[in-house]
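Labels A, B, C and D are assigned to the chains in the order they are written; within every chain, residues are numbered from 1.
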Amino acid sequence: MTGGPGAPTRAEIMVFAASREVRDGDCVFVGVGLPNLAVQLALRLHAPRCHLIYESGVFGARPVRLPISIGDPCLVSGAAQVLPMAETFLYFLQGGRTDLGFLGAAQIDRYGNLNTTVVGRGYDHPKVRLPGAGGAPDIALNARRTVVIARQDRRKFVERLDFRTTVGWAEGGTSREAMGAPGGGPTRVITDLGVYGFDAETREMTLASVHPGATLEQVREATGWDLKVSSSLGATEAPDQAMLRLLREELDPDRIYLKG
Amino acid sequence: MRDAVSRFVRDGDTVVLEGFTHLIPFAAGQEIIRQRRRDLALVRLTPDLLMDQMVAAGTARKLVFGWLGNPGVGSLHAVRRAVERGYPGPLEIEEYSHFGLLCRYKAAASGLPFFPLRGYRGTDLPRVNPHLKQVTCPFTGETLDAVSALHPDVAIVNAQRADAHGNTQIWGLVGAQREAAFAARRVIVVVEEVVPEDVVRADPNRTQIPSVVVDAVVEEPWSAHPSFVQGYYDRDNAAYLAWDRITRDPAELERYLDEWVHGLPDRTAYLARLGEATRDRLRPGPRLAGPVDYGDYR
Amino acid sequence: MTGGPGAPTRAEIMVFAASREVRDGDCVFVGVGLPNLAVQLALRLHAPRCHLIYESGVFGARPVRLPISIGDPCLVSGAAQVLPMAETFLYFLQGGRTDLGFLGAAQIDRYGNLNTTVVGRGYDHPKVRLPGAGGAPDIALNARRTVVIARQDRRKFVERLDFRTTVGWAEGGTSREAMGAPGGGPTRVITDLGVYGFDAETREMTLASVHPGATLEQVREATGWDLKVSSSLGATEAPDQAMLRLLREELDPDRIYLKG
Amino acid sequence: MRDAVSRFVRDGDTVVLEGFTHLIPFAAGQEIIRQRRRDLALVRLTPDLLMDQMVAAGTARKLVFGWLGNPGVGSLHAVRRAVERGYPGPLEIEEYSHFGLLCRYKAAASGLPFFPLRGYRGTDLPRVNPHLKQVTCPFTGETLDAVSALHPDVAIVNAQRADAHGNTQIWGLVGAQREAAFAARRVIVVVEEVVPEDVVRADPNRTQIPSVVVDAVVEEPWSAHPSFVQGYYDRDNAAYLAWDRITRDPAELERYLDEWVHGLPDRTAYLARLGEATRDRLRPGPRLAGPVDYGDYR
């Protein structure tokens, strides 16, 4: 399945892996881009009754084109409900009605804490000013499960964040619980190299599978700390031809999100 | 309706029945009476005739409310007898202002343990209700009032229409239905009409309650009678006035419950007994909202 | 103007006096019954641009019949806005957008504090169980001005309330301010015998005018404390024939609220 | 528009320009640039291209925000230059999550000095922002996050339509417009169409903002371009993509402002320059909401 013209790209493997995190019936807080593709794929495959929630205020979206932002008008036309943004956060997220949230990050540490604020240690004079928090801190705190999707390299997978925008498992162990965080914490990290879980006790990120075409060595090279690896490390399941056709021909025909 | 009440309303439950003057869940309340549920904690901003019936029928251990009356008419005699004289049995009460009770729903719907407001200072209400306290603003140091979250076991709300999944649309007074539904563990929606999904999805801003919090959708036309449903029927004022007379005498109230609730199998029989003439009298003329365009984005 | 078949009744004088409290442009939190008639009258006479707000969630109502409750469907059809009830309280009332609120009471004391909860001192076993708070405590606390409308007798105008449901000027003087109440406090009490203001310093209720047909002696007789009387005590202005015609023939033709 | 901005927006003001991806007040923001307002504190959940323009044009002393980017495209280069290098001048920033900033509007709209939420614990945000503190629940003893109220001097919001009094209707994403309007001291509403009062009053549940909080109603079609208006026009993605290119070079950005803002007298000239073909491309096909009946109650 790897190699040949029909072989899945790493972006496609990421989207497929992310789609497997969606369970049927889930209320999913969807971000734009890869998470949106992942949820669309899940809807067509194994989770036809999952509900798409966008922080812009949309519940039960049925977009007939690929949305370009989380507020695209195609998410509204034909949706089940549009709410004021505040109520989307208050009732769906903080009210405990969200099963799954997807997040991205510029930096992530071994406990799944995220930085999307600044690169460089000086907050007031950052080397790079990133977009900031958006919906992420609240999604990470309140959703039952969160999945982080990010391309992986050493500048992104860091020993220490320059700024903690969004809490994951905090300092690991029971530290997240101790701060009274209501949601369930990060359950998966999906990159272009592999899929990670978190140790049930230490809450440290643990490599669960490596994508077809990538090696454990590449993964370690792209990680800024001494990476824990699962004793049952396997290869990430890749999408089959039917799924690829769905992704390429129906969901993102213009390759807007599947460039890489 | 029989199935929904039987499955989702249990003895001892805390049950919110909302709808502010509009869309009062009479059919659901009467089904609860018919199924002889007991020891319920009934919660409603304005108890109205419905709670008078449910208290008289012995379903309630406790009444949680904001304003206790027959709106525009007078007292709720059955509730008053229970509170003033413990007749026919004792009834615990817990009272708020409308806003205070609303804020309890809002806290629960929002996953907060309390909600801050300006509402009780200088009154005797906190003296008789442990759910009213104060909280200090961490920025100004100011003291505000606060209510605790109320998580009902069940919320029952009426609406004009829903799709089969429970995406529920209301126009006119929307009251506290959305907050009550999001606050509750189980939700029953009772509608005038179940409509195709496309009807709801053609106007998503009208949706008050999303399918994902709804456990049962019951289609039961006229289920809010003698209250009203905007665009469908008017309040039956004659029934509100008659209630004042009926309930002054406990024996007559018993007869009413026997004839109109226990003696009838369901709402269809109630409507037959109510008669077509009454329904004709209550139907308003049309006054249509203009359509708006959401746009077809491809 | 008093006497003769066209003479105003005391209820009509009350409604007229209440209508004079509405200023043009005011946002008025309207209760049903006499306050509603008063506001309708003000709209037709001197305050055509006042806005009617009902705690049921209606802003800018234009009822084409006499509403029977604060949630009458005739208040919705043709209104400018319908809001969730919570937002009506949060934004219009607590947010400081309400100029005037009308209240009723079963008992009132000399500082305009109100009881609508129980008669008899035992809260748990009251002699009479009254309706309770409704919207009153929040209106009284947050509106810029509040006006109390009540028929007057000794059991209603009491030295000491059996229960304080709603705060007026608290214990008088600066006690209301001291508790941090944001609104302006009660400005008028209108009964079937007279019109009252509150002393600017002591905040004690003070008789400002006696209705045509009533006497100061009657007023004192119907008051459960030693009543303060304004040094400039006058007669309450009565509605003229045109206003009476409006009230009787257009606003309440079935005499639903103007029985007395 | 010229009069509204001239009368209601003053140097040094805190100005909220809301609209989440939808109904972004571009025409109003560009008029503020044209009138050379200075030292504004600009507040917006998602600064977007509009704030990039306003910062580049030197109107802003401070930016208060939740997420800083060109949605679906990339960075806001002008804002980044200001924050990273103080170019062309210093820019103070104050940042929140979307929910946190929303709660600041909500507190102010509700007359509360703070709003409780679950949002910041375990992050570095409170370290750099004094408006993020904690509050203790008086019932459970639990510690919650809290934000202070934000009372802007001015809120500018776009909408599909309003009547001449300012009763304003929005469908599709309603964002934070209602909260921002109730929180503000002065409100400017910019609409695609001013409609007769009867159109609004035929559907009062659609009204987001009541006349009583509105100081000026400006009718200006296409005033949200290059963002979108549900049912009227789509987002102009080409413009969002072009912005990324234009703003990489400060000189080119200057030229843009000269040509498209300072060099044009008003929005009519902007639309003429934009051209009919672009507008045709952005118009969606129709997708109508069905009418509902409010009933004629006499």
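Criterion: a contact is a pair of C-beta atoms (placed from the backbone, for glycine too) under 8 Å apart; a residue touches a chain by one contact, two chains touch by 3 or more.
As the structure is a prediction and not an experimental result, all values here were calculated from the model.
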Set A-D beside C-D; more C-beta pairs touch across A-D
Greatest centre-to-centre gap (Cα means) from subunit C is with chain A
Subunit A to subunit D: how many Å between their CA centres? 28
Rounded Å distance between subunit A and subunit C, as computed from the means of their C-alpha atoms: 58
Centre to centre, by mean C-alpha position, how many angstrom separate subunit B and subunit D? 37
Counting only Cα atoms for the centres, state how far subunit C is from subunit D in Å. 41
Each of the following residues of subunit B touches two or more other chains, namely 111-112, 117-118, 142, 171-172, 174, 178, 202, 205, 230, 234, 284, 287, 294-298
Listed in rising order, subunit A residues that touch 2 or more other chains are 58, 72-73, 76-78, 82, 94, 142, 182
Let me make sure I understand the interfaces: which chain pairs count as touching? A-B, A-D, B-C, B-D, C-D
So, in the complex, the side of subunit D touching subunit C is made of residues 109-112, 163, 165, 167, 178, 182, 200-202, 204-205, 207, 210-213, 294-298
Touching residues (chain side subunit D, partner subunit A) in the complex: 20-22, 45-46, 65-69, 71-72, 75, 79-80, 83-84, 95-100, 102-103, 105-106, 117-125, 128, 142-143, 171-176, 178-179, 228, 230, 234-235, 237, 284, 287
Applying the document's contact rule, which stretches of subunit C touch subunit D when the two form their complex? 27, 51, 58-60, 62, 64-65, 72-74, 76-82, 87, 90-91, 94-97, 142, 182
Which of the residues in subunit C come into contact with subunit B in the complex? 32-33, 55-58, 68-73, 76-78, 82-86, 89, 93-94, 113, 117, 123, 125-138, 141-142, 163-167, 170, 176, 179-182
Please name which positions on subunit D make contact with subunit B in the complex. 111-118, 131, 133-140, 142, 144, 146, 148, 160, 171-172, 174, 199, 202-203, 205-206, 230-232, 234, 284-298
